[in-house]
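Next, two complexes with chain A in common: one pairs it with chain B, the other with chain C.
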Partner chain A sequence: MKEIERGGIPVVHVCTIVPISQTVGANRIVPAVAIPHPLGDPTRTHEEEVQIRRNLVLKALKALGTEVHEQTVFTD
Partner chain B sequence: MKLELHKMQIKSMAWGAKTGVKDGVLSVCKEDVLSLVKTDPNFLKVEVDLALPGDKTRIIPVKDVVEPRCKLEGKNGIFPGMISDVETVGYGKTLVLEGAAVVTCGKVVGFQEGIIDMSGPAADYTPFAHTCNLVLVVDPVEGLERHDYEASLRIAGLKVAEFLAKSAAGMPADSVEAYEAKPLKEAMTDYPGLPKVAYLYMLQSQGLLHDTYVYGVDAKKILPTLINFTEVFDGAIVSGNCVSACDKNSTYYHLNNPIIKAMAARHGKDYNFVGVIITNENVTLADKKRSSSYAVKLAQTLGVDGLLISEEGFGNPDADLIMNCRKAENAGIRTVLVTDEYAGRDGASQSLADAAKEADAVVTAGNANEIIILPAMEKVIGYPTYADVIAGGFQGSLRQDGSIEVELQAITGATSELGFTRISAITI
Partner chain C sequence: MSYRIVHYINQFFAGIGGEEKADYKPEAREGVVGPGQALNAAFKGRAEIVGTVICGDSYFAEHMAEASAEILEMIRKFSPDAVIAGPAFNAGRYGTASGAVLELVSRELKIPVVGGMYPENPGVELYRKSAYIVRTSDSARGMGPAVQGMAALALKLLDGEKIGTPEEEGYIERGLRKNIFLDKVGGERAAEMLARKLRGEPFKTEYPMPVFDRVAPNPPILDMKKAVVALVTSGGIVPKGNPDHIEASSATHYGEYSLEGVLTADADHYETAHGGYDPTYANKDPNRVLPVDVLRQLEKEGVIGKLHEKYYSTVGNGTSVANAKRFGEEIVGKLKKDGVDAVIVTST
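Our next item is the complex of A and B:
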């Protein structure tokens, strides 16, 4: 993550435990669902899961294109 | 709440026509044990075996270890919510067969169980090389879900442990230890000159067979709460864990929690040990935030000056550990953390997945990534091929001559975060 950014390419860290992401120095952080299922939720229907995934990916893409000057958590 | 532990020292274990203790030898009637366990329709095949200290025997893959205990006095039985009613335990009298253990062995989640060697280099790392072990090897019926297999194996171990202890009920104990967990009204005013401390006891609750039970309740569903330490000695906390063997708390450790024992021993001398808070290690950020805030709030409600925090497992729970530490320290409560490390085979990597400057008093149980070579044993109880897939093992771990090259991670209890270990280090 850090090496990629050092090479000039922005990185988004999609991560469930935001404090760890902050500790390791991620600059753009998108909170995920849960550790065993970061991009889904087995308690939801298939259609709802698709929506959860779509929202997370769109949020991550938006974060990727956002200029940041400090560690930023993209909550919405 | 007063509890007496009536301890009988078990020096050896042998098969016999009748189950019972004589002159420190626990005789076990194999048929009795088999008939007790075989009643579970989830089991296809049940085998029982003995593994004694010094034997050239390996047990793999180990799921849980349980100390034989039963109630002598007190309304409820041992392991409430599991094999006894859900009523309160932790008072009266409890019989302990010290030196004996029931080891459950099965292919529940092959890669997340452990190894016990009864002799050789690994014997220094696992306390269960030094207990007389009755080993249950249980195969499930075809198609049984893993979580049902785990639940059945867990109950089988607890039942056999109680059965063994009951066989000696009524005989004189070798020693009696008396404990008292006082009501808060008294605990709060005792020893006015001494600092108040509590113990924050983290329980593995990630789910997917990484579970701990409190009076039968899945710990991931609890809010942090208070428990009298004597309840822990009576099996109120039971392991349902299939996770890296080195630092999961087997049921045996809960029953004998060395941190609780040490705090009880120093109570009234160095500090006032006012209570135990249990908390969980769940998998969402919201759960982690809620539980750490709630646990620290309970510590504040108790008005403690210090908090001793023990972790169970590693990685994900490191985040809970650090949250607990940071929130307590920011509330003015000094903390000491007990953990272990995954610092790579050379010890050069970051030890925990999370860190904080507030965590300035940490006790480590060792580096679980250290490599150890386990020589071939004359006898293997269980399924040796699991050495290749066990956490801490790798393709080729099991060599052709029967020896095994693994990380300490694979050895049951090698880096216990309750300090139930035999190896320590001092700085010179």
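Our next item is the complex of A and C:
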């Protein structure tokens, strides 16, 4: 991830354990749902789950479209 | 009288289960569980594990604040003289949980704390300043020396003995500075070091420079509607059957797979190769890790220009930093050649 950034392409990290992402050095971080299903929630219906996933991906795209100068966690 | 020790371990070392039990809630048990036996033996009667606190790795990572508070209370009830966590070897969530528990115990109960980890464990970078973390091997094959080192250091701390340098005591450098007196002044020592360096002889710096491997953020994507967005994951989503045989842990390579004509990462065609989390949910719907379905929707709606026709996948589970760095360097070269504008990396 950091190498992708170093290579010159903006990158967003969607992950559950934010402190690890920060330690590793991600600049744009979007907190995810849970470790075994970061972009989904098996307790919901399929439609609700797709909506959760869509919102997370939209948040990730918003992060990629936002200028940042330091490590930033996009919580909303 | 022997010292009272509380031992923190995860669900795996407690014998409760593997990834399918990683959401196990905190539990306190009297006496020794699992690797605590080896620790007790290493104490040679000078200290004894009076209680063991167990927590599932994923439960801790997903509920850090509540789990820490609950675990602290469980530990407090045993009235320990010191707390030991792990060894966690190269298990990232276990290392992070161990470190968080030790930091909290040290701050709140003001008693000695000792952990054990492989230097690349992310728990080291997060917590080495708060706790003594004994350097261990990357897997449980190194259990013997790990518990010996942890027990010895814990006893020294409990006895109030002077703790030597990281090399002498076998713990990971904490980034703390101590004033000491030496016979030779700094200038003289520096000149000697320089002379050794010029002669090509080995020399040892007295103040290693910290390595902060940080990369400045790239400018944002201004027009997402025209952007080519690529997916990269460390969650191990691969075409069914794992054609490139990506390892379930300590991956040595990554896969490049076509998404041409793929509208969704469905369970008939994709699965996870990852051995470090419960694969049930990802195998049932791989979009939960690799969100191809919604990216196709957003592509169709014109929110993004295009989903890149290839995705890259590896398993981030005890994978060495050197390998991960190499994967990243190779992948970014390919993405640039293909004209990708932005990347979403997903991790489990």
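Following the convention adopted for this analysis, the second predicted complex is superposed on the first by the 76 of 76 C-alpha atoms of A that agree within 3 Å, B and C clash if a C-alpha of one lies under 4 Å from a C-alpha of the other, contacts with A are read in each partner's own complex, and residues count from 1 in each chain.
Basically, a residue touches a chain if its C-beta (ideal position, glycine included) is under 8 Å from a C-beta of that chain, and two chains touch if they have at least 3 such contacts.
This one's a predicted model, so the numbers in the text were calculated from it and none came from an experiment.
Participant: May I ask you to decide whether A:13 touches chain B, chain C, both, or neither, giving the answer as first, second, both or neither?
Facilitator: A:13 contacts chain C only, not chain B.
Participant: Applying the document's definition of touching, compare chain B and chain C: which contacts more of chain A?
Facilitator: For chain A, the partner with the higher number of touched residues is C.
Participant: Of the two partner chains, chain B (first) and chain C (second), which one does A:73 touch, if any: first, second, both, or neither?
Facilitator: After superposition on chain A, A:73 lies in contact with neither partner.
Participant: Who does A:23 touch here: chain B (first), chain C (second), both, or neither?
Facilitator: Once the two structures are laid over each other on A, A:23 reaches both partners.
Participant: After the superposition on A, what does A:31 contact: first (chain B), second (chain C), both or neither?
Facilitator: In the superposition, A:31 touches chain B alone.
Participant: Touch check for A:4: first (chain B), second (chain C), both, or neither?
Facilitator: After superposition on chain A, A:4 lies in contact with chain C alone.
Participant: So chain A touches chain B in one structure and chain C in the other; where do those two contact lists coincide?
Facilitator: On chain A, the residues that contact chain B in one structure and chain C in the other are 16-17, 19-20, 23, 34-36.
Participant: Which stretch or stretches of chain A touch chain B in the complex?
Facilitator: 16-20, 23, 31, 33-36
Participant: Which part of chain A faces chain C closely enough to touch in the complex?
Facilitator: 1-17, 19-21, 23-28, 32, 34-40, 42, 49-50, 53-54, 56-58, 60-61, 64-70, 72
Participant: What residues of chain C sit close enough to touch chain A in their complex?
Facilitator: 19, 22, 58, 61-62, 92-93, 96, 122, 125-126, 213-222, 224, 227, 229, 232, 235, 277-282, 284-285, 287-289, 291, 293-295, 297-298, 303-304, 325, 327-329, 331-333, 335-336, 340-348
Participant: Inside the complex, what are the residues of chain B that reach chain A?
Facilitator: 206-208, 283-285, 288, 316, 318-319, 322-323, 353-356
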